[in-house]
């Protein structure tokens, strides 16, 4: 069985690439998906495709709708959801996706620096594991897919 | 992941073909399905296969049952449901399919001319996006599948 | 057990009142609910509570959201859903509610004049019964609640 | 039917009290619930009841578990979930609860100042309504419960 | 907690009355429900309420729809489903109701004479208990409600 | 999409083979499954594999358990369930499987001679179509898969 | 809202009574339920009600079925499930009930002496809290119901 | 259809290998999965990947979380769950997995020596079959997959 792993959250660092490269190096039978990580595209998609809006709220609303088609479909289709919280911004999307995944019974792995531990305690509490580095996420994936602690 | 997209609603214009051609041109990994779009076949199927009826109500009923085997199965199997409302007829099927998809948590895209905006406000409210043209639907699909605003 | 019956659809005639009065006269242990039946309130609620909009589409959208809080909650809470289609308007809401109820496995009773039979064949096909008059709906409710064909 | 309304999010202002008082004044048949709003209790509950921890992470983890018994049970039991985002803190719990409610199909009302509009666009997109004041939430509740735009 | 017990199946003997009387004598906090047990009413209800049919198949179909409003609602609402198979008739309804209840995860108690053991082996296999007499069903209900083997 | 069609019910005539041959001739993209149709094997499987029983009831019970692993898995995995009632025996399994499929929301096609119409009215009422011959079932499958009334 | 709390597991000490008395003293709005705690009754119920068996396996099987009517119904109906592991016996029922509750998304509190920590690590991992004494369980219930750390 | 079979429980004998070899010899179209069967790895995985813990409870907790990502995903993905209870240890995981699978409606086969019959009566009661040897499990799989009692 190929595992579907959804990589939610922060879009301003290369953590997804690190995980993907690590998994490829280990030869894991895993397929990654993610929200749209081009911040500008994700902000503009609604009006770019469906027409301009004079109000910022509705511009955002249109974009959010299109993005949700992608994110909700991929989360429903995922076996595991990794949620990354970075250093900047509110990142409420990441927390929303974690809650969405939790209610669907999807196993969650959180990934964030220790300084967020207290603010994220409820979300870490709903997770199966809390990692600090992309390498740890790769190791978790190798273990849960292959059942071995050491690389083959 | 190949996406299953169900194209519900109007069967008197070539909007499905336009979407399919647009998606093919973009090389999207998407599989389309739809209700039976041959109006006569869809009306007659019950009695054609299962025997004549003297009452129009039961002729309709028999046909509706056979059509529902197809539509409900394909909607349950869909990742995204596009619902088109055209210029003519009651099109209650389209609205029914939208409600069916909504209750199953399927992302919905509505497709209709602006003059239906008011009459369709509840259904548009349940949709992730409201498009006016098949081209916009193709762009939405490209974006949600490939995560890019511009064609590659 | 008191039955919750949701009366969806047409808001321009007194069919809900006829059903409620008929049920009261029979002493049925049933609790009725419905969408907001004041057309103006239902159109204006979004902007009246949450602030004006310059675009009609977003005025409608805001109203649809608030109305959906009511309708989706009551349909989810219903044991039976009666859907009335009247003579006028598109009534796409009624069809949407029928689809929503069908996907949730709620028993549906449709109520409409015979001239809509063909246009409503798929929705009638998803219904447990198709009535032409509010009196018939009351009789159905009496039968399913009390198990008797004749009034006590 | 009495409606269960869960009031998620910010615990540093009196918005819950304002909504409860407004609803009481209108005589609405509604029952409110909420997370534990005593910040200190909510932080300490794990170790206070189940024993001290030397590591802050596990102190938080223990508390999060006990709090989740309350919040998840009340959200599952709610008809409507109101999610408030205030001016301060990360408030990731609020966003998590919104995602949890969304995946369960609960109607969501968001409540926040306009300056959060952009950061909250995905969560507002998953909501049925976005309010700026507790009064608006009360008006929404009155409308969805009683079906009237004006107070009786 | 009052338990809802649905008594499905045979309608030509007084087994429901025996169980109800036995439960009343024991003072059990249980509420019984059942399909319509007046055979004639159950056969005629469709045409009696909704108008005559010239074809027997559609007369049956109309009646089946109305009966299903009652039976499916009550089975969905039941905590326990007792299914009785008597000596006569095909009783396919009873078996259908057992399958319906099984797929919903409802605990099933079958009640039938030993001569049906072989023909009912799959349905007995899906049941939690197989009884031969109404008295045994009452004893089962007393035990599962009150947790005692002997009457108080 | 290849459709999974489960063929439930009667095991004493070659109706499954007729449907499979008809579907193959039409080139339909369909995969059939069924209960074990070797009556003796189906009766003996429990004791043959898991050890003899002195009581017929437990011999039956053991066999029913093993058979249910197959039938419940295949029904859950099916897109459409065809249920055949033949001339002989009680065939309660067939009715149970129909109820099981109905509660899971699977589209059902019943297949039986008209003399069973009255006894099967509730099950036919829960079905999308009622056929009299395997040929009709093949035609229904061709129509719902290919959307055409006439063979290509 | 009154909370339903199911007390699963060990039946050879008075921990249930301690919790019930503690909750009563605090005036908590909670309703407790449990498996049958009379060991002999629970072992014998199948044959006592439904007739003797010569094989111990089938005596056990009959009893297990009747007991499962009670336990599965009460667990499905519970808001919180407390699972107690005592000092003696295999107590596989307790672990089974924990798994059953976990898959249903019920919040779990485990209650056991520290010497079981390692053997119960997966079940504690699926729990929201792990307590060592009935008093701690009462404090958790008071906190989640009343939102206060200190008794009123 | 290839069947997914999850082999839960005991990790100290070669029963999984025996089943896999038996199934391979029969040429069954089945894919097996299991928890991590390297006891040391399964105990240490949490701290090995995510960092040391001073408290044994939290070391266990971290490991349990990572293991649960694997086990819950594979059980949700399984068509059949085989649960093996061996001679030693508490094996509460095995019972937990059985309960988890039961609540999800997965068919369960238990595999254990007869001396555990009484202690496992509730879990055997929730199973479709109880086997004593890996060979019997292979025979059950051959029968449910191929529908034949004798090897081809």
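In this document, chain identifiers A, B, C, D, E, F, G and H correspond to the written order of the chains, with residue numbering beginning at 1 in each.
Assume contacts are C-beta pairs under 8 Å (C-beta built on N, C-alpha and C of every residue); 3 or more make two chains touch, one makes a residue touch a chain.
All values reported here derive from a predicted model rather than from experimental measurement.
Think of each touching pair as a link: the shortest run of links from subunit C to subunit H has 2 of them. Here subunit B and subunit C face each other with the same set of residues for the most part; over half of the interface numbers are shared between them. Averaged C-alpha coordinates give centres for subunit E and subunit G that are 30 Å from one another. A separation of 43 Å divides the Cα centre of subunit D from that of subunit E.
Mean C-alpha positions place subunit B and subunit E at a centre distance of 40 Å. For subunit G, residues that reach two or more other chains under the stated contact definition are 65, 68, 105.
Contact residues of subunit D toward subunit H in the complex are 54-55, 58. Considering their complex, residues 1, 3, 79-80, 105, 107, 109, 127-132, 136, 139-140, 143-145, 147-149 of subunit A touch subunit H.
Interface of subunit B with subunit C (complex): residues 56-57, 60-61, 63-65, 67-68, 71, 85, 89-104, 114, 116-126. Across the complex, subunit F meets subunit H through its residues 4, 31, 33-38, 41, 44-46, 48-51, 62, 65-66, 68-70, 72-74, 76-77.
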